[in-house]
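In order of appearance the chains are A, B and C, and numbering begins at 1 in each one.
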Amino acid sequence: MPERSSTPEASSGQNPILEVKDLTVAYGGVTAVAGVSFQVGPGELVGIIGPNGAGKSSTLLALAGAVRAKATTLTFDGTPLLGRKPEQIARSGFALVPEGHHIFGGLTVRDNLRLGEVARRGKQGLEATREWVLELFPILREFLGRQAGLLSGGQQQQLAIARALLSEPRLLVLDEPSLGLSPTAIDTVFDAITAVQRSGTAVLLVEQRAQQTVAAAARTHVLGEGRITMTLGPADATDAELLAKAYLGS
Amino acid sequence: MRRDRKNPGLVPVPEWIGDVWTLVAPLGLLYLVTAIASGVSSSARVDLGYMLVNLVIVVGLSIFVSNSGVLSFGHLAFVAVGAWTMSLLTIPVEMKDSIMPGLLPVLRDASLPPLVAVVVAAVVGGILGLIAGAALMRLHGLEAGIATFALLMLVVQVLTYSTALGPKSGQSMVGIPQTLDLQAVLVIALLMVVAAWAYGRSRSARFLRASRDDITAAPASGIDVTKHRIIAFTVSGAVAAVGGALWAQTNRVVQASQFNLDFTFTTIAMLVIGGMFSLWGAVVGVIVVSVLNHVLGLLESGMQFGGVIVSLPSGSRLIIVGLVLIVVLILRPGGLTGGREARWPLRPRLTLDLSPKSVIRK
Amino acid sequence: MNFLQALIDATSAGAVYALAALGIGLVFGVLRLANFAYGEIITASAYTLVIVWPMNPVLAVLGAALVGVAVALAMNYAVFTWLRSQSSATLLIASFGLSILLQRIYEGVFGANVLSASVAGGLSTSIDLGAVRLNLLSVVTIVLAVLLLVGVQLFLTRTSIGLQVQAASADFRIARLLGVRSGLVIAVTFAISGFIAAAVAFVLTVQSGTVGPSFGVQPTLFGLIGAVIGGLRNLRGAVVGGFVVGVALSLLTSWLPPEINPFRTAFVYLLVIAVLVLRPNGLFSAGAGKVRT
C-alpha cells in the first residue's frame, strides 16, 4: 500500500485531544472498522473521507460510545472513552452531529437548542455562546419559535450543528454535514465549520466532499474498507488525480 | 445445512431425521412425562390432566404466536368458546333446564357424544378465529395484542351476561359428564401436537415465518401476510377451542369468570418460558411450568422433608411462576429452548451425503 | 337522569382513565413499555390511603403519593432496567408477569378480601345547584385531572429534565448523544407515573372506600386500552383515548336500556375493536401530521 511521501505530521509539542489507536468495530461477524489509528490536536481540523460503507460513521459512533468497539488506545483529553456511556462522553466536551442530523422534529427550534445545553458543564458563558451560535447561523434566530420538523434540510443541518455547539465542546465531530444540501447551503455549513475551528474548538470532519475537506483540514485520512489507506495534506487538495485515486483505492 | 466442523465431508444427520425429530421429540417427551406422572400419585394424576389440557391450549396459542410473531392475549376467548360448546352439548337436558332456563331452544335440545362435541368445539373455535382474524389481522404489535385482548373480554362479557347462551351471571354450568379419561385426553393432546407440527410445515406457515423474521420485507416479496395470519389464527383458534372442550371435561364446572387474567397469564407464561417461537418451546414450557406448579402445590399444602415440614403460603404458585417468567425474560429472552425446534441429540452419523441438492437446501 | 349531571359524571370517569393513560403513556414514550403492572402501583397507593386515612388523613395522602413513586421506581430498578434492550412485546409480557405476581403478594400480605375505610367521606356528598345536583367527587376528580395534566405539560415543556424526557421519547439514541442521562430520565418518568397512579388511587378509593388485591387492574386496563386506541406514540392522543373510553363507559352505563345494560362493557370492547380496525395507528394519528426529518 503506497504511503504518501508528504504525509503531514500530527501537530507536535502538544498532547492530542483525541487519540485513536487500533480502533476496531464489528457488527456481529462483520468488521466495519479494522484497526484505525489517528489523532486530533487541540484546535485542529482533521478530515476523514472515503467511499460508502468504508466505516466512517462506525468510527465516529464508536468514539461517541454509541456502538461497541475495541482499541489499544482510545482517549479524549487523556481519559479513556471505551466502556463509557454516550451521555458521559457527551458531557465531557465531545459533541457528535450524527449522519442525517436527527433534530427533534416535534420540538421548536428553541427547544432543540436548549437540548444542546444539556451537556454543558455549567451555566457561565451560556448567553455569549447562544449569541455566538445564532450569529453563526442567523437563519435560526428567525425561526426560534417554529417547529423544527418544518425547517428545510439545510436549515435542519445548521440546527443540528448549532445544537452541538451549545454544549461548548472541545471537540466537534461531524458526520457528512453536507449530505443532501444545495451548494450554497454547503458553503454556509463549511464556513461555519471553519469559524468554529478558528474559535479554538477542535473539529473532526467526515465528508464526501473530498476537495473541500482536504483543503480545509490539517490532515485528511482516507478510509477504505475499515482501514486508513492514505493521509493527505491541504496541498493535495488541488491534485484531482490523487483525490480520485483516494476514492477508488490503490 | 449443518456440517461437522472437524470432518467437513460428513453430514451430521440426514435432513429428514432432523425434521421428523422435531415431531418425535415433543410427542415422546409428552408421553414419557404422562407415563411417569400417572404412576406417582393420585394428586399428580389430577395435575397431569390439567397439564394435558393446558398443553392443548398453549399449543393452540403457539400455532399463531410462533409462526406470526404477533402476541395474542386473547386466546382464552377460544378456550371459553370451546368449553361452552362442550358443556352445552354434553350436559343432560334436565340439568340444562334447571340451571339455564333462558337457553335458546336449539342449544337446549342439542346433545352429542363427547368426542363429537370436541370436534364441534374445534369447528366453532375455528369459525370464531376466522371472523375475528378477518377483522383484526391487519394490526401489528401492541395494537394487535390489545385487540386480541378486547376480543377475549368481549367474549367473556357476552358469555357472562347472556342467558340465551348460558346460566345467569355469576352462576356456573355443572353436570358435564366425565367421559374422556386420561388416555383419551393424552391421545387428543398428542394429535394436536401433530396438527401444530403439520401446520408449521405448510406453505402458509412458512410464508408467515418469513414475515415474522422481517415484517417489512415480506409484503414486498408478494406474500399476503394478512391472509396467512388469518389462516394461522383460525387453525390456532380451533386447537385452543379443543383445549377448552377438554378443560370443561376435566374441570366439570364452567363459568365465564374463569377465563380471566390469571388463566391468560398462566398460558402465556408457559409459552414464553418454553420459548414462544417454536412448538418445542410450547411443549417444554407447559411441562416445566406444570411440574413446578405441582411441586409448589404440594409445598402449599405442607410437605415433610426429613423432620421439617415445609409449607408455602397459598398463592405462592403464581408468585413463583411470575418470578420465573421475569428471570427467563431477563436471562434468556428466547425462552428455555431459545426459540428453536427440538434438535437431534446424538453425535454425527457417518452418512456421506454430498449431493449438490442436499447442500443447497437450507 | 339529568343530562348535565350525566355529562359531568362521564367527564369525571373519563378524567380518571385519562390520568391512567397519561401515566402509562409517559413511560411508554421513553421505554416503549406498556406497563401492565401500572395497576399494582395504583393498588399500593390505595392500600396506603385506606389503611392510613383513619389515623391521619394528611399522612395518608402524603404516604400514598410516596408509595406510588417508590413502587414505580422499584419496578424500574428491579425489573425493567434489566430488559431495556428487549422488544416492546417482551417488556409487555414481563409487566404482565409482574402484575400477577404483585397481586398475589398483596393477597398474601393484606388478605384476599377487600379492606375498607371511608376515605375523604366529605367528598361523597352532592351540592344542590337548583336544577342540578353536583357530585362533589366528580368535580374534585375533574379539577385534579386538569391540574395534573397541566402540571405534566408544564414539566415537559418548561423544565430542562422535561425537555430531556421529550427528547428521549422522540429518539433515545440521539438524546443520549446530546448528554441526556438515560437512567435519570427513565427514573424521573417512572416517578411521575407513580405520582399520577397515586392520584388515580385517591379518586377511586374515595369513590369506593374499599381496596383489594386487584383494585388497580380495571383502571389500568381501560387506561391502557384508551392509550392504545388514542395512539401510544403520541402522549396527547393517549390521554384523549383514555378520556374517550371513560366517557363511553359512563354514558353507556347511564343510557343503555336496563335489559342490555349488563353488556355495556362488551360494547366498550366492541368499540375498541372497531376503532383499532378502522384506525390501526390510533384515533388521532392522521391529525398529528408527518414531521419532516
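We take it that contacts are C-beta pairs under 8 Å (C-beta built on N, C-alpha and C of every residue); 3 or more make two chains touch, one makes a residue touch a chain.
Computed from a predicted structure; not experimentally measured.
Student: If you average the C-alpha positions per chain, which one ends up nearest the average over all of them?
Tutor: C
Student: More C-beta contacts across A-C or across B-C?
Tutor: Spelling it out, more C-beta pairs touch across B-C than across the other pair.
Student: With centres defined as the mean C-alpha position, give me the subunit A-subunit B separation in Å.
Tutor: Using C-alpha averages as centres, the distance is 54 Å.
Student: Round to the nearest whole Å and give the separation of the Cα centres of subunit A and subunit C.
Tutor: One centre to the other, that is 44 Å.
Student: Quick one: report the Å distance separating subunit B from subunit C, using the average Cα coordinate of each chain.
Tutor: 32
Student: Do you know which subunit B residues sit against two or more other chains?
Tutor: none
Student: For subunit A, which residues count as touching subunit C in their complex?
Tutor: 64, 66, 85-87, 90-91, 96, 98, 100, 102-107, 111, 114-119, 147, 149-151, 156, 163-164, 167
Student: Across the complex, what residues on subunit C touch subunit B?
Tutor: Interface residues on the subunit C side: 34, 79, 82-83, 86, 88-90, 92-94, 96-101, 104-105, 107-108, 217, 224-225, 228-229, 232, 262-263, 265-266, 269-270, 272-273, 276-277, 280-281.
Student: Per the contact definition, I'd like the list of subunit C residues that touch subunit A in the complex.
Tutor: Spelled out, the residues of subunit C in touch with subunit A are 157, 160, 163-164, 166-167, 170-171, 173-182, 291-293.
Student: Over in the complex, which subunit B residues touch subunit C? Could you list them?
Tutor: Interface residues on the subunit B side: 71, 73, 135-136, 138-143, 145-147, 149-151, 153-154, 157-158, 160-161, 169, 261-262, 265, 268-269, 272, 313, 315-316, 318-319, 321-323, 325-326, 329-330, 333.
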